[in-house]
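As written, the chain order gives the labels A, B, C and D, with residue 1 at the start of each chain.
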Amino acid sequence: MVKSKKNAVEIKVAYIGGGSRSWAQHIMADLALAGTLTGEIVLYDIDYAAARKNVTRGRQVFGHKQSKAVFKVRASKSLSDALKGADFVFLSIQPGPLQMFANDLDIPAEFGILQSVGDSTGPGGISRALRCAPLYEDFAHKIMRYCPAAWVINYTNPMTLCTSILYDAEPEIKAFGCCHEVFGTQGMLATLVKDHWGMQERPPRHEIKTDVSGVNHFTFVTKATWQGHDLYQLLKLRAAEKGFWADRTADSLERVANAKWFGSHKLVAFDFWRRFGVLGGAGDRHLAEFVPWYLTSEANAHRWGFVLTPSSRRLAHYTMKRPTIGDKLIGSGEEGVLQMEALLGLRELDTNVNLPNRGQVAGLPSGAVVETNAQFRRNSLNPVVAAPLPAGVLILVQRVAAVQQMTLEAGRKRSLKLAFEAVLNDPLCNIDTDKAWKMWRKLMKANAAMLPGYNWR
Amino acid sequence: MVKSKKNAVEIKVAYIGGGSRSWAQHIMADLALAGTLTGEIVLYDIDYAAARKNVTRGRQVFGHKQSKAVFKVRASKSLSDALKGADFVFLSIQPGPLQMFANDLDIPAEFGILQSVGDSTGPGGISRALRCAPLYEDFAHKIMRYCPAAWVINYTNPMTLCTSILYDAEPEIKAFGCCHEVFGTQGMLATLVKDHWGMQERPPRHEIKTDVSGVNHFTFVTKATWQGHDLYQLLKLRAAEKGFWADRTADSLERVANAKWFGSHKLVAFDFWRRFGVLGGAGDRHLAEFVPWYLTSEANAHRWGFVLTPSSRRLAHYTMKRPTIGDKLIGSGEEGVLQMEALLGLRELDTNVNLPNRGQVAGLPSGAVVETNAQFRRNSLNPVVAAPLPAGVLILVQRVAAVQQMTLEAGRKRSLKLAFEAVLNDPLCNIDTDKAWKMWRKLMKANAAMLPGYNWR
Amino acid sequence: MVKSKKNAVEIKVAYIGGGSRSWAQHIMADLALAGTLTGEIVLYDIDYAAARKNVTRGRQVFGHKQSKAVFKVRASKSLSDALKGADFVFLSIQPGPLQMFANDLDIPAEFGILQSVGDSTGPGGISRALRCAPLYEDFAHKIMRYCPAAWVINYTNPMTLCTSILYDAEPEIKAFGCCHEVFGTQGMLATLVKDHWGMQERPPRHEIKTDVSGVNHFTFVTKATWQGHDLYQLLKLRAAEKGFWADRTADSLERVANAKWFGSHKLVAFDFWRRFGVLGGAGDRHLAEFVPWYLTSEANAHRWGFVLTPSSRRLAHYTMKRPTIGDKLIGSGEEGVLQMEALLGLRELDTNVNLPNRGQVAGLPSGAVVETNAQFRRNSLNPVVAAPLPAGVLILVQRVAAVQQMTLEAGRKRSLKLAFEAVLNDPLCNIDTDKAWKMWRKLMKANAAMLPGYNWR
Amino acid sequence: MVKSKKNAVEIKVAYIGGGSRSWAQHIMADLALAGTLTGEIVLYDIDYAAARKNVTRGRQVFGHKQSKAVFKVRASKSLSDALKGADFVFLSIQPGPLQMFANDLDIPAEFGILQSVGDSTGPGGISRALRCAPLYEDFAHKIMRYCPAAWVINYTNPMTLCTSILYDAEPEIKAFGCCHEVFGTQGMLATLVKDHWGMQERPPRHEIKTDVSGVNHFTFVTKATWQGHDLYQLLKLRAAEKGFWADRTADSLERVANAKWFGSHKLVAFDFWRRFGVLGGAGDRHLAEFVPWYLTSEANAHRWGFVLTPSSRRLAHYTMKRPTIGDKLIGSGEEGVLQMEALLGLRELDTNVNLPNRGQVAGLPSGAVVETNAQFRRNSLNPVVAAPLPAGVLILVQRVAAVQQMTLEAGRKRSLKLAFEAVLNDPLCNIDTDKAWKMWRKLMKANAAMLPGYNWR
């Protein structure tokens, strides 16, 4: 990298996927607002037209009067071309047509397995991971061929598995997985702070210091402070409020009626705190999928204040909030650009991230991808050792990590039979083994077009 | 020990418990038939009258014309007196009144948790383990005080927890746990041999060589041979027979009608083989309790060919087959006396047994009590390293072992709250955490009389 | 803590020991120059007069025109009084009279074991650790009684053992060990930078980013950068210079002649780099004591450019540079005050520190005290996961850590026999076991006055 | 295998190597005397004439009047032909010309590293292992191709490394390593028994029950009994005899004068017992090479009662006692035939053997080849979990195992540089790193003809 005329650092960014969602546009808006970097962004998507659309939008972003950065934006039909010499590679794909995502939800549901999201764990998450395996192995090999020094930032779910596949295929890759679920918990804690001290506005999220541990979407906030104040005291006060633990079915039904699929009361996160002493770190819809206690029925989910996203919602066009390109360019609130800046040596950043376990989470296997805090520094990314998880939660996470290891192996070996062993071990699979087997046969058959080379041995 | 006049080795045996069941009588019959040992048997039971009854029976046994052994049999009101100087201590108690065993089954069932046995795992097994903790800690301390060189043979369930408590309280104790469940699997394999080679009678059980691994009642037979023939080939043939996997509801209902609570078709043991490649090593009623797939409803249990023992059966007086003391003295088929002989140097014996893990089961924590083959030799008992469990089964066993470690700690700390964390992690607990909490409060309250010193912190 | 009038944070500092060296004075000078903290400093030393002398000096420091801080300084005859309510406790003692330090060097030397420092490892380090055990156990218990929330900063050698004893005695203690040896290596690297880029002055030490791993005084710098430049490239250039590996006996003899005991050419640190690929992180005099290759004879030490500090030097009065209190108050260059500020939330600090291993060093046992980078944040101290050590070096460190664990146990059990097993395993002990035994008997006898309660069983 | 007419089991044996020593002849004599097996023995040696000589001798053996067995014996010029369809493969080679064995002793000695045997550990053992790597990789691959079901019995040193290379190259191989060093210790214990109880003859070796743990030639007898008597009591009595620990220089010099290279007083084995509480399990000449305490000088070796075998002895023709084929056929006292019989199901055998660690030695890495007791049964070989080694000895063995892992890797990668890292870590390498480097360069150059494909990177 060399400095550009305007003191910005010159880089090449390859953005893989992103056609169907607005993540690519968010990154571009953040780059434009930061103004610290310059260079080239190459967009690659199997749907070339979608990539082209992002080019148009990107040019608008960097041409905006508020933009402080200069970036050349182009689409490429060749993955190799997009990767060649890149300093940063973003991976943000949809593994297969949306119908397959719908299958991942609907087919298990037919057999009595409910999933609130279905892209991280459960039969749906395992199915999705198998579809990702051939794609991500290919990404890994091409990255090590065309841009081995690049930092690779994964946004695709299942986060843990996608990141694991990269390292499994190419152990020397410099990849990490990013997820904003913990931000939501930090936001909730910021609200507790505001309420407790009667502030006008809640403090900025980054003032909430959290110690994070677990695997993606099944993370725990083992410590939380604001200016040295222990926020666990505030959890206690909040949970003691009258009605806090009440049945939230009414709210949930209202959510369903208004198609507000993503909200929650954080009751599941708090329930972990009540039962095991640590606060859940992801949203309730995610947390609930990793244990057998909340998704026993739709009514039970509603009682806890969260709802099952229907597959029809998945099939409809995603309408994620896109960066305003009217009068004002608006940032995403995500950390991608901060991470790039830190890896380039322009700042220091400590945040949570998904990386192979080198010791940061005691009790989980070495090499398993885990989520903890890490130090982003100039060309280095070092995990910080997380506070130990209490035994009751550690068992749960160990089991999830073990299922993920089996899924990884099933993907590598293209074995649907081995994947079924993972399914049986999944916390959501509490049905008869015969029924489970039928479910799995049906799901794999429905998704077969994206499972090249897989077999039943 | 010194040799008796008649070349029998002279020993003192302390038998703790056994009043309500016929185990003590079985051991005495086996000693009488073996004729290799002599000396004194002291019976201790909190129900002194029951111990006295066993004394009477014991004297009949050793006075029988077929008896080859001379033993003095007496009851003692003092545990210390019974233990003093003993060479062997048998532990075989009922932890609390039978009503509590009924509670262990009925209260979880009220909340939707079905248990086919309820004495090893699940909320029932955990409850029973908590009742055992104070009793077994006391046994351990008294044994190390009054007969530190004794071999301690545990028969009480939960086998893993009772043995664990002994070692947790007194790491130098020479204890092991014995269970005959694997014998049943060996018997089934012997029948396969007989059928396959068209033999008149099935070969004796000890000719079936099995490699055993797991935790008690959740064991697996990873290898099985008869005279060098791989019996896994026979499993394959048997499972391919028409109708083998058929719904066994009709048989199950007949079992219920005739109060035949303990039978099964070994379908669950075979299902493990089908799904994961290793045969279950315990009876189906036990195996099913360690996973969430078979006890989802009573109908599902019936479909697999096993039935739930009703608590009324537990409350009725146990009517175990007692050793005939008519014309013929009949042995038990158990291995207790063979083990004593081997530990005294009179023979060599290799059999499965429950011991702290020192390396015999890879993947389970050091010190956790596990079941594998071991070498009984003169004053030594060395576990044999078991064949590795396949990954899909290892996850399941790891989880069970972790729940057992939490239960052990909850017992040691007398913490009902920590025990609840174990309950939530138990494979049978697939209900809402609120409901689970109510279930647990009720169960602990009902069994409170046997939980001295326990609290809810 | 409450803010003082002058916006400084008010704290109580207990300084234990420090009478015979100037560390206490350094801390006071640094506090005076920082101006961010205020409150009370209580000095405790078994030599009360020495503590009184430090009080006098402390008052001069805070009364100096350049001092920005207000601190009340007093000595106390009671350890409990000094500790009561302290926010920070410094431990910096001399374990026993200087004659014992001389014994630690001289008696092993009689038997052919040379030590260049003799306070960290080898028979001398083990002897010193045994003397520390009773003292440090007492510190730990009193701290948890009188100031359980305090941060405890250890400066005493053997660093690893002293810190280990604190945690062994009181697992909840908030202690860490600080050592400036890595600063020297950073300084050397800063000089390489200056020379390579032809700078006027070498860049400040904190600009040299190092990844540190190992145990105290046997640390390794696995990565080093300056503004993104890989300094391993500079090592390579330096080592390729003509004469770099030459025999340095002449320089060493000059050092001896001029009583310059502490200098070195960093050749040993470089030799590790040449043979194993990682740079030694401590001074050569320390590094050489952890392997059997450099202290085979005094001549060999001289060949590598370092000298053995004679025990006479130890016996002479320490004349460490003291903070000037003439015209100008001069800081120590140490990080104690920065660490306090960071733990109080006034700044962020990432630096190397000695803490129990929670995963930061892969391959070393959990709980063993290791040295790595860590994050100092408001009331939290989290180790950063270190880059893996190469296999060839990891073996060496594992062995050292194992010897330290045995020494810890020997101290806890007051067993000189067990300590001898540690001695035999020490890398410097390459003599006949009979001779080693005589050496150890003699050394223990000579130091017996500081070994209360120890025995030979 | 099918039974022969005469009720003997019919097998094919491939014997690889053995040309220069009499091992092949010993096995044939033992087979002849046992009479339980029959079939074909194919001898393969790179020195075809030597193999032919063994054929002649073999035919004499099986034609002897005392022979109870019928075996066809032939030599083959093709390794593949020899292996094809074999049931048992013996590996017993000399890796390279005897001059290289001499180099392994002489070149380290030039630089001050003394070795008493030089074929298992130290620079000599590492050098020898490197020569074995290409050969043993080839054996492993060919065995898995031509006789994958065969049991492979290794006799070649370095035992641990040779067995490790087989498993490293072909993880599914059924190999184990056999060594008779422990027999010598059992013999010594049998003598203690005879002396203590005033018996006419010492009891047969197999009556001495030992628990063995460690790595080959650095094994420890953690427990020893005879008919239930604890033989550790006898060790104590023996070691208390006057003069037991005396200087044995006179005896050693006599040994040298009479070229009695292999004797010893077992003083080193006892010294381990005195210092660490466990008896050394191999001969003193082997034990001494794994620690830095006895080979500090030839005089020190002599003081302990053992001598350094001169390389001239190596270069002379080996004159191992050959099986008498005069009037009487004499067995070897080795266990090879017993092991074959047990693996064929004809008997049960428990003995010590070298196998990858699956849990039998706690504290050593999984997969590292270790020596413990194991159960030989019909087509199965299961290690028995060994009693834990005391901490002081475990450190020593861990270090040795780590050096062996590095050597294995160096061989696999054909890297002389990585092998040098192993050399530096070897317990015998207590010299300056420069000198060590020179020694290693010289040794590798001298042995280069047997190091194809190796390089200095």
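Points worth noting:
Note that in this section a contact is a pair of C-beta atoms (placed from the backbone, for glycine too) under 8 Å apart; a residue touches a chain by one contact, two chains touch by 3 or more.
Keep in mind that this is a model prediction, so the values were computed, not measured.
Shared contact partners of subunit C and subunit D, listed by label: none present. Note on chain placement: the centre of subunit A and the centre of subunit D lie 55 Å apart, centres being C-alpha means.
Computed from the mean C-alpha positions, the centre of subunit A lies at a distance of 43 Å from the centre of subunit C. Shared contact sites, meaning residues of subunit B that touch two or more other chains, are absent.
The touch graph of these protein chains is a ring, one cycle where each chain has exactly two neighbours. Pairwise, the chains that touch each other are A-B, A-C, B-D, C-D. Residues 209, 211, 223, 225, 227-228, 345, 350, 358-362, 366, 373, 375, 377-380, 382-388 of subunit B touch subunit D in their complex. For subunit D in complex with subunit C, the touching residues are 271, 275-276, 292-294, 296, 300, 303, 390-392, 394-396, 398-399, 402-403, 405-406, 409, 418, 420-422, 424-425, 429-433, 436.
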